[in-house]
Each structure stands twice: as structure tokens, then as C-alpha cells.
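For reference, the structures are reproduced in the following blocks.
Each of the next two complexes has chain A plus one more chain, namely chain B in the first and chain C in the second.
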Partner chain A sequence: MKSISQVQGCRSEKDIAGSNFKIKSDQFGYGLPNMTELEIKATKCRLNVIRMLQSSGHGHIGGAFSAIDIVSALYFYKMRVDPKDPQMENRDRFILSAGHKCMAQYGVLAEKGYFDKSILDTYGKLHSMIPGHPDMHKLPGIEANTGALGHGMAIAAGMAMALKLNKLNSKVYVMLGDGELAEGSNWEAVAAASKFGLDKLVVFIDNNELQISGKVVDVMDMRPVDKKFRAFGWEVLNINGNNIFDIVSALDYSDRTNGKPLMILCKTTKSKGLPMGENDPEFHFWKPSKEDLEKAGRMLSKRIESLQAGLEEVV
Partner chain B sequence: MSNQVKIATLEAYGKALAELGKDYGFYVLDADLTKSTMTRFFKEDFPERHFNMGIAEGNMMSVAAGIATLGKPCFASTFAVFAAGRGCEQIRNSICYPNLNVKIGATHAGISVGEDGASHQAVEDLGIMRSIPNMHIIQPCDAVSTKMAVKTALENDGPFYLRLGRLTVEPVYEEGNCNFLLGKGIRLREGTDLTIITSGLMVQEVLKASEILKSEGVHCRVIDMHTIKPIDAEIIIKAARDTGRIVTVEESNILCGLGSAVAEVVSQQFPCPIKMIGIKDCFGRSGKPLELLDYYGLTAEKITSEIKSFIE
Partner chain C sequence: MLGEKLDPRKVFGKAVTDLAAINQSIVVFSADSGKSSGFGEFSREYSDRYFECGIMEQGIIGMASGMATVGKIPVFCAIAPFVTARPYEMFRNDLGYMHQNVKVVGRNCGITYSDLGATHQSLDDFGLIRLIPNVVILAPQDPTEIKMAVKAMIDYAGPVYMRIGNPKIPVLFEEIPFEIGKGRLIQDGDDLTIISTGSMTATVIEASKILEKNGYSVRVIGLPTVYPLDEELIRSSAEKTKRVMTIEEHYCDGGMGTMVCELLSDTKNVTVNRLGIPKEYGTTGEYADLLAYYHLDLEGVVQSAIRFILEG
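Presenting the complex of A and B:
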């Protein structure tokens, strides 16, 4: 897939690094089929999440659906990984610090071919390879045992340090929830990543603005998050984390090497792709009825069909 | 042996890291205690493999976990009170749960830290670390066994907690003459009247106590239980069977420490009377290390009198 920065050719890195980084996908005609393909992938991954919910009866759909466009773009557009060789030494790493959103990663890993999709039907069951929070020894492609919030960035920083020492140019991507930023341990990691100049470390903040008990700004307002990271010596991008074009552009940009870790503040919609749950904190953890789940599945399938139709039209 | 040079186990740890750094490719992190935890020796010889992570112990533990995923072991060094306290959740979730190759060098353990007082005297760390699955715990008693402990931690996969002291101690073992095996206690004295199981800097005190008791006709078997987890059940059961009574001595809270580990084995496999000597579930005070050991009943003399009242 051609890099968006390559096809665009109309944006300097300086512009991107500026505080007002914002891409409007409609201003570029190039690469649209690629974007649609990625959107289809992300939607198929959402369908995988629905399948997991059918197995377990409940799960953290809100965060999984707000984050899944980013996770999907990482695996299908950006990361140097091989599902057939998940331990490849020079692979890029992805760590889901907000481990409760694991259905997003499982859905993507299944779509990418890390494991047989029939395993999705074991979600929430005893001895499953895809437990309620990620376990690196249970499922190929999982890099750390996360779920206790505030650990992922520090683990990723350690990986980035060791990769640098081993002279491997792999990147380490981490995803945090916005509510997770209240954990003080994150800020220890933010300081350390800056001190050690870990520019291969890329942190996504899934800024869906909601957490289990309500609005993030009401529970513990950590704003301005971008300015805080910058003050620690990080580089920061602001994007729409449910817009494939924005995500892909930011991923292209993340290849820069300037001695600074990169934080991408991703404005997202909680439960994106599940209209009945969008922006509703009640959908942080969802116990759907059979009918609601079927309805969600039908909508997503329809979305895939219409995207595919659009794709054929363009081609 | 008393004419030999006294050295703290934390200093032996620092020197062992530097010495083993040549043959073993590992990393060392510390939380701004490079001088105090003596990782400075390693830093001098291998600056590219030593990192000061600042006063942020929790972060240090998770970073160590991340480094260890690349294959080489990583030491994370700080005072025991901060390792097991500030770093506890990271040790549990980032290190022990995924069973990563992180070795925690926990120095300044116990009340013998001295004047710093309770805020810096870890008495609860053994209990915390013992109850986390996958963790190994070693508490060496002198310089020679400390080096063996570091080597053992490097040669065995998985998380290790090395509990080290600040107080200088006399040697127990001679170089090349320490049969140190992970999970195997070392029988230091033979006796049939009772068995004293101990660890760390209490080994020297117990050896002195056993001499006093011997002069009074009480013959004690003495076991250096350097590995507290996994505990050597075999040597404990044999002691219970052969001597019928067991005394444990530790510079740690008597709740959940070495004594508890021994009692867990004895009570289930070969019940016999046990006397546990240690810190009686209280915080330490500020004072000179030797004064403190005496105050908390952890000197040879105090141990001797406790044992005498136990066997009467």
C-alpha cells in the first residue's frame, strides 16, 4: 500500500508536528480505494467483536469500538508483523495498555490471521486463548499482560529501550484509554520515554471522553493532555481516531526520527459503529440482548457490503 | 572466621553484578540509588547496560519487564521497602504474571537499616513477595552466597527477589565452598535436639547462638534457608522427623515470612512444635543497627534465651 504522505506530497513535516495538526480527508482524492479497504477491514474486525460477544454474552464494547479503527490500521497498514512468525525478532510491537479493550485487538488479530476465527467463539469461556484481558503466553501476537491500567506505556518504553540497544529499528505502539491517564504511573513512563529519547515509541490515547462511571472530565480531568505531553518533551499529533485517513496519515508521520517519543491524541467516539451505544457510558460494558446483537451484526455486514460496492465503483 | 573482612550483602550484590556482567548479557536499572544499592560497580564497568530510572520504582519495574521481553535478564534495584511497596503492582502484573526474566535487587531489607527508621525498614516485603505466583525469593547471608544468589538468578528463568542487607556481616562460606542450589537449604551444623532454620544476616547470629547452646549441652541443627521460595520442603520434613522441634529466625515480620513458609510445610506434612523468632508484627524504630537487633530480640544472646525457654 502506498504511503499517504507519498501521494499527498503537499504537507511538510513541520506542519504536521504543529499543534494544529488536522487532516481533512475530503481534501485529498488520492488513495481513496486504500482508505475504503482499510475501512472494510476495520468493519470486519468489528464483526469479529460481535462474534466474541455472542460467545461470552457481555464485554467491553465501548472502548473496543472506539479504538478498533486505529488497531486495525496499525496491523493492516503499518506494522511490520508476520502472523506466521509472531515472534519475529524485528517485528513492530503493539501493546494495548487499556487491556479491557482486548476484543478490539483479538478481532484484528483474527482478521490478520494470527489465529483461527473459531477461537473467537471461546471468548469468555474457561481456558480460552482470548481471555478477558490479554495474556502474552496464551495468544500469539500479544506482547504483554495488560489490563491493570497504567502499565502499558512503561512496558513499551522498556521494549523500545531494549530494541534500541539491540540495534533493531522496530517500533513500539501503545494504546491507552483517556481515563487511564489518571494513573500516575503513566507520567513516570512519559518522563522516562522522553529522557531516553525513545522516538520509536508511539502512544495513542483513545480519547472517547467517557469512562466507566461517566465523563472523563468529571471523573478526573487531565486536560490539556497534549500540552502536558509536550511539556514532558514529547511530540504530539491531534487526529480523529475513527477516521482512517487521519490515522493513516499520522502513522506515516510516526516514522520520523527526531529523538522524541510521539503521542497521538485520537478523538474517538465510544462504541463507534454501534449506533445504539455511541457516546453512551452505559456501553462501556455491554450485556446485549440476542436481538440487539443480531441487529448490530446485520448493520455491520451491510456497511461492509456498501463499502465494497463503493470500492468496485471507484475501481 | 571473625578476623575476615566483613561485608554487607548489598555490597557483595553490587560487586557480583559487575563481576558477572562480563559473562552474562544482562541490564541493570536502579531508581536513583546507584551508590546506595552499589550497582555503581556495574555502571562503572558497563555504562551502556546501566540505567538510572529516577525516583520512580513502579515505572522501573514495568520498564524492566519490557526490556526482559527481548530475551536478556534485567535487574531492577532499589530499597526493599520501595521494591515491594511502590513496585508491588508492577511486579505482580507486569513481571510475575507473564513470568518475565526480571531480577529484583531489594537492598536495605529489615530493621538493620538503622537510623532511617520504619519508613525505610522493610519488614513486610517477604510476605508480599511470597504470595505472588511465579516469584522466587533468595536471601543470602554473606558475600560468597550473595554472588551465588546473583548467579543463580541469572541462570534460572523467571522473576527473582533478592533480599539484601545493609549491615556488614562476617563470612559464613569460603569462596568456592558454598554448595548453593536454588530451593535447597544448606545444613551448617548438625544436631539432634532441635533444628534452627534461618536466613540472611540471622545466619551468623544463629550460628553463635548454637555455639552457646552447645556449650550448655543443647545440640542444634542449623539450616541456612537462603531460598525462601520455593521453600525446601525435604530438608524441613527431615528436620522435623530427626529433631522433633523447629525454631525459625528471621529479620522480618513473623507473619508471612520464613517462619510461615516453614510452618506451612511442617503443619501439613510432619507436624511438630515450632517457635518463630522475628519482628513481632510491628514497625521498626530508628537507632543503631546493632541496638535495633538487640531491641527486637535478634541477637545471638536473645535468640539463645528464647530457644531455651522454648525447649524447657
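Presenting the complex of A and C:
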């Protein structure tokens, strides 16, 4: 049992480190092998993204790959959802405010069984169920039509308000990009979530530090993001958003009930898992060659094999 | 009581509050706008369903959408431009595209906020909202229709925009069930069809009496629903009178008159004359003076109708 401050790569705030929070992962049997399993899942989801790119020839891979470890952990470790009953009343909700990262969510939903993987081959095609930004009326499991930035947090806050009114204990998770924080509408939702005490609302900021024009700090420096949220009355965690153990620890912590919404600032690497594109803003939107895609696919498959081998060794 | 003048905002607020007693799903959002929207009683009676968010119209549209996904029926009323033009993208994406069961009400519509100027007047709201697919647009014409329209919009599953004014307006009609998309044939006639909406209808009814006295036979149609238009009623009236005059407290461009023109564009030998406000930033002053300035007062309507009948 570790406190969150001892988790590898986790830069927790003093107030969190000082709390009595203990990782619950082991209680659920999520020891090391399970972390590896979650990593395998995330890598399989990345492979699904590669499959989508094979269909369309282009896509927002940078943000999809920086966010996918979090999205994958949400669906495979944390969220109360049922792919067979996507409208289940007491389900947890996930809203991808940064809708252009949708390949991450599609990759995860496909892996979770929300839809047949053959649909991945329609990405970019006419009338696809998985369009370039999510559409709740086309694909089961999508909760909101996002894509225009700065919308997701308000929608999620509204969901959390209504769930609270209905006395359901469902949680609402939202993923925003760090560049997205420049949209003023976010801050309206940040203020409201605090006023209405929405502690079931959990916001992830995918802090990959890059946006299409370059570094976020050069385009519009919104730092210190954590202090800004805290000033609005939120609780804040800082984690490594590409480290499964970090993510799982933060997700465990998010179950607390203290009347405050929770923001998890996730330091991530743009295009994580695609070495040729990591930390390169040019890979915000990628038009890969056939060879590059095949190479990426081979590498990810190899990664899965090696993780699998490690898992068998431990077991 | 017919002829009695009532505050449209109070009628609206009371109608929602009365329904909230039997419909637990109704919730109300306020952008520091609730009490001026007639929600004083609602905020006291149903405080758990009343959400004061301060002046954040964009955020409220988003939150209302989120609430609707969980089965609530959010009602949000504020000054018309602040619930249409300002949060337009939220209206389009979060309500329209997501097709959420949210009721947005723009009050102090048109030029009723006459002296506060162009920032507070809404002369483009029909035009803006009608371009969002599948959003119902209501503009009830008297206090009775406001009450009935509120019930209809709550019963309807989907996004609705309703606009109401600010000054007291007379009761014109007896209570009859409100059907979204249905116009009201108020008076039959042969020389000209006048189609009006919202509070302009009261003026048109007065004008039609004067026109009758002067020997002109006028067919009067009132539209409490601007979208979807009552296509059948408008087409049959146009075919009958050949002349159609539309009147609205909105820009001549992009509003109900434009929609009628589009509808009748394939109808032979019909001429449409649109009355409204020219596409410019509204001037300021007393409401009655503004109506007269834009020829939307009784005299302006009568003169426009006669000129149209005589000169074509």
C-alpha cells in the first residue's frame, strides 16, 4: 500500500499527499500483472487507431496517442459501463471535449466491445459511424457531440448536476486538451462546477504541451493551470498521463466525496507510442505513408508481444 | 379576459411554474436573469430545481444540454440576444446537433428593449435559430398563446426556441390547444393576406379592422410557430389572395418573411411584401416611437397594406 505521493512519476500536490489516501489498486487485485494488462489494452487500442488511419489516410494521431492511456484505463479499469447496454441509467459517463482525439475513444470503445472492429475500417468514409469528431447519434457509447473546443466541460457539468439531482452516484469524466483551455467558455463551467459542488465530475487535462501551431506556452500560456483550478475551488492532482500506475492511482483517488470537482493535470507526450512523431507538433494531424503506418503497426504489435511475455513470466 | 393587458414574462414564468408542480423533470437555469423572467415563485417553490449560474449564457446552454441527456427538461430564459447570438455555437452543437430537450426563451425580444439599443435588441434571432436544423421556433402572439405554447414546448421532445416581449400585451384569443407548426386563420379576406407573428399580431388585427372599414378585404394569419411554418395555410392563402404581406419585429432579412418568400418561391403569380426592420443597428427611444419609426405601428401597417393593394 502506497500513498499517492509515492507512486512512480506522480507529482502530487501537498494537500493530496498529506491526506490519508491509499492506493486501492491492490485491494482490487490490480497488482503489477494487472497494470501490464492495462498497458496491453492501451497498446491494442493504439493498434486500432493505426487501423483507422489505414482507412482514412490521415487523422489527429498526436492527441489520440497522448490521451489514449487515460481513456483506456477509464474504460478497462474504472468506469461503470456496459457495452451491451450503453444507455444504462446509472452508467458513468465519459465526454471527450477535445473531440479531435476521437480515434483514442473509438479505439478503446472497439476494444471494449461497443462495436465490431470492422467499423474501424470505415474511418474517414462516407456516413461512417466513427466520424472525425464524435457523434452520439451514430455510435453507441458516445455521450456528446464534441469537436468545437470548450464545450465538453459545461455539458459534463450539466450531466453531473442532473445525476446528483436524481441521486445517482454515477461519475462524469471529461478529457480536455491543454490548448483547449484558452477557450473562455471552459472557465464558465469551471466556476459553475465548483459552485454546485460537483465532486463526481473529474476533468483530465491532456497536457502534451503542444498544439497545432507549436508549444502551448508560446501560443497562449495558461499556466499555472493547477493553481487556476484550485483558485476556483477545485481539487487538483498532477500525474504522468502515460503511466498506467499513475492513472490508476488517480482514478482510485477520484472516488472521494468532498464536494469539490477534481481536475487531474496529466503530463503526457504527444504521439506517445509512435516514436517517429513523439513531441512533434507536425504530428498533431498525420498523413502517414503506407510504409510508416505499417512500421508503426509492427512496432505496436511487438510491444504487445513483449508485454504479454513479461506478463506470462510474472504469472 | 379578452382585451386585458398582461406582462408576457410573468405569464411565461407562471406557466412554467404551474407545470413544474406536476412535471418533476422541469429545471430552470438563470443567468442572473431568473427573476426578470418571471421565475421568482419557481425559485422559491422549487429551489432544488433552480440553478442560478450568474451571467454565463454559453456555459448554461452547455449545462442544460448535459442535464437533458439525463432526462431533465431545462428551461433557460434571458434577454433574447444573450441566449441566441451570444451562445450560438453552443445552441447549434449542444442543443441542435445533439438534439437535446432544452427550452430556450428569449425575452425582451425584437425592439422591446428599445432604449437600451442594439446590444439588447434581437432582430436576428429567427434568422440565426432557423439555420440550426430541427429547432422549433415559437413566437406566441398573446398571453393565452404564451401559456399554451409553454405547455406545448414542454410536451415536445426536442430543442425549442421561444421569443417573448417585455411590454404588456392584450389577450387576443380564447384558450385552445396549441399545436406546434399550426398557424391561426384570424380573419378571412380576398385582397391581401397579412401574415404576422409575435406581438405584431395585435397591431395587425387592429389594422385589418381599419382596412375593412375602408373597403379592403384582408385575410389575416397569425403564426405562433415560426419554424416549422404552417406551409399548407400559407400556400392556400397566397393562392387565394395573390398578395402576401409579412410583418415581424425582426430584420426583413432572414426572418419569418424570408421563410415565407422561400416557401412561395415556386408559387406562380404571388407577390410578397416583407415588413420589418431594415438590416441596420436599431436606434433607441420609446418603444412606441421605434415602432412608428420603423413603420410597424398601426398607421404604418395600414398604409403599407393599402399601398401594396393599390400599387402591387
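As a working rule, the second predicted complex is superposed on the first by the 286 of 315 C-alpha atoms of A that agree within 3 Å, B and C clash if a C-alpha of one lies under 4 Å from a C-alpha of the other, contacts with A are read in each partner's own complex, and residues count from 1 in each chain.
Just so we're on the same page, contacts are C-beta pairs under 8 Å (C-beta built on N, C-alpha and C of every residue); 3 or more make two chains touch, one makes a residue touch a chain.
Model, not experiment: these values are computed from the prediction.
After superposition on chain A, the partners chain B and chain C are seen to clash.
After overlaying the two complexes on the shared chain, residue contacts for A:92 are found with neither chain B nor chain C. In the superposed model, A:191 makes contact with both chain B and chain C.
When the two structures are aligned on the shared chain, A:69 is found in touch with neither chain B nor chain C. In the superposition on chain A, contact is made by A:155 with both chain B and chain C. Residue overlap on chain A between its contacts with chain B in one complex and with chain C in the other: 136-137, 143-145, 147-148, 151, 154-163, 165-166, 185, 188-189, 191-192, 195-196.
Touching chain B in their complex are the following residues of chain A: 135-137, 143-145, 147-148, 151, 154-163, 165-166, 185, 188-189, 191-192, 195-196. On the chain C side of its complex with chain A, the touching residues are 27, 48-49, 51, 53-54, 56, 58-72, 74, 89-90, 93-94, 97-99. By the touch rule above, chain A contacts chain C in their complex via residues 136-137, 143-145, 147-148, 151, 153-163, 165-166, 185, 188-189, 191-192, 195-196. Of all residues in chain B, only 27, 48-49, 51, 53-54, 56, 58-59, 61-70, 72, 74, 89-90, 92-94, 97-99 touch chain A in the complex they form.
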